[in-house]
Amino acid sequence: MARIDGRRNDQLRDCKITTNFLHHAAGSAVIEHGKTRVLCAVSAVAGVPRWMKEQKVPGGWVTGEYQMLPASTSGRTSRDINRGRLNGRAQEIQRLIGRCMRAAVDLAKLDGYTLYIDCDVLDADGGTRCASINGAWVALNLAVNRLLAERKIAKNPICESIAAISVGIVDGTPMTDLCYHEDAAADVDMNVVMTGGGEFIELQGTAESGSFSRKQMLDLTALAESGITDILALQRDSLAG
Amino acid sequence: MARIDGRRNDQLRDCKITTNFLHHAAGSAVIEHGKTRVLCAVSAVAGVPRWMKEQKVPGGWVTGEYQMLPASTSGRTSRDINRGRLNGRAQEIQRLIGRCMRAAVDLAKLDGYTLYIDCDVLDADGGTRCASINGAWVALNLAVNRLLAERKIAKNPICESIAAISVGIVDGTPMTDLCYHEDAAADVDMNVVMTGGGEFIELQGTAESGSFSRKQMLDLTALAESGITDILALQRDSLAG
Amino acid sequence: MARIDGRRNDQLRDCKITTNFLHHAAGSAVIEHGKTRVLCAVSAVAGVPRWMKEQKVPGGWVTGEYQMLPASTSGRTSRDINRGRLNGRAQEIQRLIGRCMRAAVDLAKLDGYTLYIDCDVLDADGGTRCASINGAWVALNLAVNRLLAERKIAKNPICESIAAISVGIVDGTPMTDLCYHEDAAADVDMNVVMTGGGEFIELQGTAESGSFSRKQMLDLTALAESGITDILALQRDSLAG
Amino acid sequence: MARIDGRRNDQLRDCKITTNFLHHAAGSAVIEHGKTRVLCAVSAVAGVPRWMKEQKVPGGWVTGEYQMLPASTSGRTSRDINRGRLNGRAQEIQRLIGRCMRAAVDLAKLDGYTLYIDCDVLDADGGTRCASINGAWVALNLAVNRLLAERKIAKNPICESIAAISVGIVDGTPMTDLCYHEDAAADVDMNVVMTGGGEFIELQGTAESGSFSRKQMLDLTALAESGITDILALQRDSLAG
Amino acid sequence: MARIDGRRNDQLRDCKITTNFLHHAAGSAVIEHGKTRVLCAVSAVAGVPRWMKEQKVPGGWVTGEYQMLPASTSGRTSRDINRGRLNGRAQEIQRLIGRCMRAAVDLAKLDGYTLYIDCDVLDADGGTRCASINGAWVALNLAVNRLLAERKIAKNPICESIAAISVGIVDGTPMTDLCYHEDAAADVDMNVVMTGGGEFIELQGTAESGSFSRKQMLDLTALAESGITDILALQRDSLAG
Amino acid sequence: MARIDGRRNDQLRDCKITTNFLHHAAGSAVIEHGKTRVLCAVSAVAGVPRWMKEQKVPGGWVTGEYQMLPASTSGRTSRDINRGRLNGRAQEIQRLIGRCMRAAVDLAKLDGYTLYIDCDVLDADGGTRCASINGAWVALNLAVNRLLAERKIAKNPICESIAAISVGIVDGTPMTDLCYHEDAAADVDMNVVMTGGGEFIELQGTAESGSFSRKQMLDLTALAESGITDILALQRDSLAG
């Protein structure tokens, strides 16, 4: 079955990373996966969460926040602030972003700083959580480089490369990097986050309709591994550039 | 490495299901996995969410809510209502419960009713989200039976058996049905939801520390499959009783 | 006029108290008054409210929280958290619970601890605030015993037995321990809280329709005194058991 | 024992009622009990609460709201809006005001209108809830007169005179109409709401410290009856004036 | 074109200031501009905002709060607390009041105190924000006098007289001190705040419909200057009285 | 006195407008004034506010929303959603944006549509509210062109060109288009919004310290007129391009 945009089932959308998009952020990147575009920014703020202070945990902290700009979707998504609370999906995604970025960092080397990873979706066309993670990792590296250059931290705390991809089963066919229309039609949706060493950080598979077999699960993770390898290379290139 | 309570690594905690615990709920069950205990209640309310009305989607709806009672944890967990908003973890879990229960039901056969699945944790000792799903499925069956008996719905909408288990890697060893102390020490934590037919509904693996290999992922899912088979039998027994 | 369940007008519903229902709580009790059932749990948390610290008031504090589980009522009661604030009735009831439990305790002997009394209604069939107070007093004793055993506090701070009952006038007849249908039909509704010594802690009489005379007020308080004597005995038994 | 301001124990503070204080309100009154001063305003708004519409209850509705102006207390009381929710005490009081005013009105004769009773405390020196009720009843009469004159309602819905007084036991002595300092020192605090016919609408007695006997309860209600008789006369005078 | 109440276009409404309206406030004034009436109260609270403490800014602070009482308008305005947040207009106005009052005060001379300026609208008939500022300045002087008398502050911090007026263009005609009906019909609405020395503190002109020319802007500010001169005299008189 | 970046006092910062930045928005523009950068997006949503429906006002509506992205400032600005309510400054600014854009549009020609103007600050270096207005007007034109092309509206509703500039007095010198450091040091701050015809839409002058004379006010508005002329030309160019 042919994909909407003519891609092979194992083919990623065009992915582009623009680094240092913002003036003030310690590090920032705009990442595009096809028509999905996310602005990822890292700010370093002196201080750690209260529980760390109370429990005298040394080092620093990394946390994520995620929001979609209202005009990022056709049909406009109204701002959470107008309802007074974060929607459940955004909360779930920003918790994921925080966990993944903490997996990339040795917190003990961030002594005294909290790194805020802000992922704001400019354009949404599926896969915004994975795009956020991919861009966040680049922005995190840029921020860390700046903190090192400014001698705010002594050692590089980044201990892992991290990238993510969404894969899924549409009309019985496993495919990678789903766009919004594919995602909406998918029977199974899986978000995979892996390290540069090819191991899993997060694996979240959901049957939107019906269920999926062990075989399908293995096919999807294989697709994900392949896509993540490509994204890791793009991330490296963007930082080298 | 020996487990805290002397279990084998592939051994579930004692699991007990008490049905029809509540007077008013259409169906209810208290489920115990060791010292974890969750009250699962299903209420049938005439009416469907606004988006279904607006889009004229026929049938009914199933949704979940999850909360921990304050005294369910050592150290008391303060109520979300005192902060004015649901915490992120609870929101994530109740979204999961809702998805899983919808996977068990043919919504078209619930015409006009919303089934609320309320999971309130009485005692927390790890694995509350999986216990909630396991108890919720039993309560759902009881509620459906009542709705059929009261002729509120015409056909049985339940199309799948659903059960869940948490597995994880502690000190390098995969083990099943983690208690709180094991969960807190786990490097990898995985929640698996499967059908009676042995297929996946949800697969959520998270590396809390480090990462996990494909091999470990397969070991964990194998442990989960085995545990879920046992839980499915307990669920059936509780309904037959 | 005969009562729904055939009771005499001065007859309580069956009352049953199950102690130590929870694993983690310092003390807990499930209390049943007929089909009303409330889970009362007491947690001891080191620390006192800010105003005590600021005003350097020595000792500890006792406070109550009250919620109805959604499935405790026919028709499901939606959770306050979904509206972002506690409803007025719950707030009124939990303020009452806190006051009554503080009347039972010499706060000076709780040095440094706040006792949280959590009353969560499992099944609601009228009289949940009085049931909460009755169960809370039992749970409070259990908690205090544990704190003494663990040498967290030095002296027993409990200085009063406390019990409560709702009485009312239905179709012109004073009656005790109203169930939901009687409560809904009552012209006068009175909640009475008394000590083991037969004195009043709280007296809250409300004319739901019309007004009530001094004579009726005296009849109602006499009914209440009698019922409270019985409940005090049940509380003692549950603690002795 | 002598009272702060030299009053006899059964003597009310000076009470003064200024009618039609506001331009737009359907009826309004400023009531003073000594240094306590409350602005009571009644607005008539076409429409009834949703539950009345849904249950097709005919007639109208009466509801109360209560707030203290920040500068009404020494030490300034911050506005609830800055915390985003009504404090528990205010909620309890406004629920009481609403119940009392509904007891004064035949709702069936308010067809289609909701009367909002807004009680805003200008100066607080004890007894604000009773003052609110006393002023509200006057404002209610003024509002009803205007609605009748404007032919918005056909028949006078007011069916009862209502007045309230706080009494209490200070240093063992029952006394009436407590000012703030007496209220703060009281061992027992009782708010009594009665009709023109000398019957009870609400009776709320609370032991702030220790407990109170049946004899004390009777002494307090006798003091209250006497005070309420005087207040009812003042209310009538203010309306006749 | 004749004005509703027969005033000349450059004529203020009757303005009356009643000082020391409240018992507890450090200073208070009720100001009337025609049928608009605002209660302005100043409370002095020991302590300064957190940012001043953190940045070790010496001196004190002045801040404003503004609310309309529900019955101040025909049609009743519901309380913001029922929606859980301050409405945008009130927030804008109270920010303006705070800025203007800070312009009147040398904050360095308020060492350690925050002055809260509470402006609560009793009756609304247009121009409530300007009335609030005019009354607030009087209440501020009264509060400062009391603080000086009580030796809480050493030097008089008031460094400017401040008054405000609304002017506008209705049917092409510039006019001063608009009442509600004129304000609702105005094409241009301008609020002007000036010092006793005839200089501007705030100038806020808004075209509600169309736009306004430089010439019109100058006409409006000239009208405002004239009105403010009169109000400054009334303020002085009220303080001298 | 020389400006930080060497500009003449009447010289704008470099201003650049990038149109159609977003995929889904009906119209969008990123506007830069020096280091200030704002993303302005217009979404057209079928439907009008409730008050328009209730009052049967024909046509459509235009409204604005404004937020700063957290990383747009040095020091990171935390998201309002984490406090549960919009901050006062943002509310004030978005009300201004809405008013200005409504001044540009004949609402009667928007029948049935609400245009949401979302202004999200990417980088903040002073003047974000004026930049928002300038970019919003461009985005509004692009959106209208699309709505016309898609035949959703029949006639072009845009009736005015609108542009804005901030001017101020720093160290006694009037200057235009203040950057953040100039703004923070300014004694007087004025935001001016004008039409293509050289008339005022909004004029908001504030003395941050001291006051300003009529002469200074005229100098500032003259500077503003000149700057706005230039910006209007840039807006036209961006739409022609």
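Points worth noting:
By written order: A, B, C, D, E and F. Residues from 1 in each chain.
As a convention for this text, a contact is a pair of C-beta atoms (placed from the backbone, for glycine too) under 8 Å apart; a residue touches a chain by one contact, two chains touch by 3 or more.
Every value quoted in this text rests on a predicted model; they were computed, and no experiment measured them.
Between the contact lists of chain B and chain D, the overlap consists of C. Chain centres were defined as the mean of their Cα atoms; on that basis the chain farthest from chain F turns out to be C. Where the sister copies chain A and chain F meet, the same residue numbers recur on both sides for over half of the interface positions. Each chain gets a centre from the mean of its Cα atoms; for chain A and chain C, those two points are 50 Å apart. In whole angstrom, the spacing between the mean C-alpha positions of chain D and chain E is 32.
One inter-chain figure worth recording: chain B and chain E are separated by 58 Å, centre to centre, where each centre is the mean of the chain's CA atoms.
In chain C, the residues that reach two or more other chains under the touch definition are 84-86.
Under the stated contact rule, the graph of chain-to-chain touches is a ring, a single cycle where every chain has exactly two partners. The ring of touching chains, read from chain E in the direction of chain F, comes out as E, F, A, B, C, D.
Of all residues in chain B, those touching chain C in their complex are 21-25, 28, 35, 37, 39, 41-43, 45, 65, 67, 69-76, 79-81, 84-86, 116, 118, 120, 122-125. Of all residues in chain B, only 84-86, 88-89, 91-92, 94-95, 99, 103, 160, 190, 194-195, 197, 199-207, 210-214, 217, 221 touch chain A in the complex they form.
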